[in-house]
């Protein structure tokens, strides 16, 4: 404290006395209080960002000397089938889980938002709990459930054949078949993130003033019609937000895939997040990994800007 | 709502209850399966048809877990790193948020805040490798610091605290405190922090979920078993061929339990913490 | 809010750039690595606790020999950590961070060169060079990089054909009459025909192609990389190897089940597959699978790998491991003493073979009468001897630092080639080119790329 007093005296007596400096001095606490962010960001955000950019033009294993590689890494990306496959897998996994997840989340939110429903918090807890639990544990449990010979899921599936003989289900190799591994990941993700999206949508629903519905009702709208003409348009921003979060989430998803399938069998469930991790910390191709991470991030950034602009133009037009 | 309940409406509600409850059971089932498997032998876990309810509670999985693995140490490590990162981030985010909210006249406030928001666009995937390298150079690999410090001040935390303080912290109160001779830090600490408690709780819970569940970064920076956190121990228990399933499930219960208990106690704050994310847009 | 979202990036960036100057100072890696192991140190008594990372039966084998090692070195204690998932990845992370590596670690032979190239493994040349003659030359070469020894061979993976006696008997085929791959194919055709396609000769799914390719490449004495590390895969030998695969594929005796898939494992116990070409360690997997099915009527036997031509090579190697000591190990004396006991003594290697069927690379152990014991599981055949035959003749594959990566690309390209029905060969030229692009390694001076070179073409 005493130090700041003496410095203050210097400040007032000093010849610096220009108004800017006085202003800065007056608000020194502001700068002090926000400085931790800027210091930590410089070290663990900005420096990595720049260093990573530099690394994109090098070959480096993180251990031996760094070699300048020019645009080599960028050329490499074109031939890197695994990169494209991982992006493709990301897309497929996303398409598999995002629609059912968002629809389920919307229905849950809609039901939980109705006034007649009892035990609301119980239901909400049941659906939301998966979102707060450690993925690694859950993925391990799911690997039990998905086990093709001794898993509960296949047991139930085959059980259907007895209950309803019109079905002829066969045991599905959830985790050891290239065709099903993505589906298994998608099921896990739906389970994990539906509650999360439900809560977001619930918040959106609760923000819709009740008079809108009353007005709709007065106009003779059925519940379905008011859902179509009131809820749906007003919930669109939330929907779009959930969609964006899910898309980014699929791209950078890691724990789910790492623990459940480790990207396999083969590379059938390797999404971009796992691919990048393997590139970085299994192959230790720090240069190339940086290049890929950068390129994809910039592409995603550009794409979301474009989509945003398109959206805005559309909403202006309508 | 009108009291004239048509029979059709009643039936619809019954169906809704049944379907909703069925789905709720499906969503809770993996937790149940985890818990019940932790009380089964390896053979019982894999038996077909499955034992839906364990015939008796077998405690030996927990016994083995405590005797054969360093699970208590891992629990301790998880507690230290999670509470460390939650507390540090709450402190720094609220301090920064407070400054952005309550010194609007400070030169550069708006620009600096915009910059803070801009940093949210940086995906973690891009900074992962250099951050690892920095930690190698400053010898922070295999220390608690590696899990606590790099993510300590997030742009979102600052944004969240700023919004709350702008809305809920009256300037008059601060001015009065200043007249009473309270230091600037004192005002933050004694007035802003208590008022911001709901926002702090939500933010803290968000951070807690993130740090307690963190697997990837722990995998990268924690190098010796004495430093492993719970998720890492769980992950590594899966052998290439032989996995001690019963013990693994017991460890899973231990990892999940603290968060589940916390969630059931503070459901409101959890939901608030998660909904907070939606404000980002 | 509105005016805040306009940000003046250049000004802020410059300020922060200055701040990062703080960090640019620490660019050099502090040397935490202890000096290399000298012959003198190796003679000192082994004391203290060492930690070993290993997996599966290999880890069990080390646990088996630890008591006798500790008896011989009273001050030493070995702690074998049967580590779970992603061990090699975590080992590399520990090497990169100079902290947290074990004192001794297992590595797969195909991955080892990548680790050797980091310069983070202890140079064992001074203490280990004298054991060179005790190991098959091909295997020893895989432990040496730039003239320095960084690893010691552990288990060997000689390849033979595991076959089902009951099926061979049913269709009246004498396994000892199979000398060449042509004989093998003929036998396969007979089995498929007589079983009306119910029984196939072997599984050649997409995931097993790289292994098959490597077997044939060794039999034709081909290479992926030449002696100076350039890409030499577009060679007459490799063409011949591909030709062999096509012949087998075209004979209609294969099933497209993937190796190590559930169907493949299930095939151990039914009559869908008659043979499994595989390395010695596959025997352990087969034995394990039988214990789950006491009712299995399958009777197993082994015959030697068919040669490409009569009088040709009957050996190849798939897989195997090594032990390495990281530079950061603080107790290299004890670590080396343990590695030496485990891998460079007859007692150590034979104990591992007898208890866990870990097949030694140490040739004095292979000469032991233990290898002559009949194995009741394989109908009383002395299987150990069969696999030990001619191991010195195993062809040396040049494993470069990027071998594991190259292998994954080979696997990818072979899969596509097979998916397209194994069409005529641009595969190798394309493979060479794509390895060149993806690994940034020069191509070897052009070898003849004509497809007519094959001696086995019929």
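In order of appearance the chains are A, B and C, and numbering begins at 1 in each one.
The working rule: a residue touches a chain if its C-beta (ideal position, glycine included) is under 8 Å from a C-beta of that chain, and two chains touch if they have at least 3 such contacts.
Every value quoted in this text rests on a predicted model; they were computed, and no experiment measured them.
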Most remote chain, CA-based centroid, reference being chain A: C
Closest chain to global C-alpha mean, per-chain Cα centroids: A
Length of the line joining the C-alpha centres of chain A and chain B, rounded to whole Å: 15
Whole-Å gap between the CA centroids of chain A and chain C: 38
Residues of chain B engaged with two or more neighbouring chains: 112, 134, 220, 235, 238
Chain C: positions in contact with at least two other chains: 23, 85-86, 93, 96
Touching two or more other chains - residues of chain A: 38, 41, 43, 47, 62, 149, 281
Partner chain C, residues of chain B touching it in the complex: 110-115, 117-118, 134-139, 141-142, 219-220, 223-225, 235-243
Residue ranges of chain C in contact with chain A within the complex: 16-17, 19-20, 22-23, 85-86, 88-89, 92-93, 95-96, 117-120, 206-207, 258, 261-262, 405, 412, 434, 437-438, 440
Sites on chain A touched by chain B in the complex: 20, 23-24, 27, 29-31, 33-34, 36-38, 40-41, 43-45, 47-49, 51-52, 55, 62, 104, 108, 111, 115-117, 121-138, 140-142, 144-145, 147, 149-150, 152, 155, 191, 194-196, 199-200, 203-204, 237-238, 241, 245, 248, 252, 254-255, 258-259, 273, 276-277, 280-281, 286, 289-290, 293-294, 296-297, 300-301
Complex contacts: residues of chain A adjacent to chain C: 38-39, 41-43, 46-47, 50, 59, 61-64, 69, 72, 75-76, 79-82, 148-149, 173, 176, 262, 265-266, 281-284
Touching residues on chain C, where the partner in the complex is chain B: 3-9, 11-12, 23, 26-27, 29-30, 55-56, 81-86, 90, 93-94, 96-101
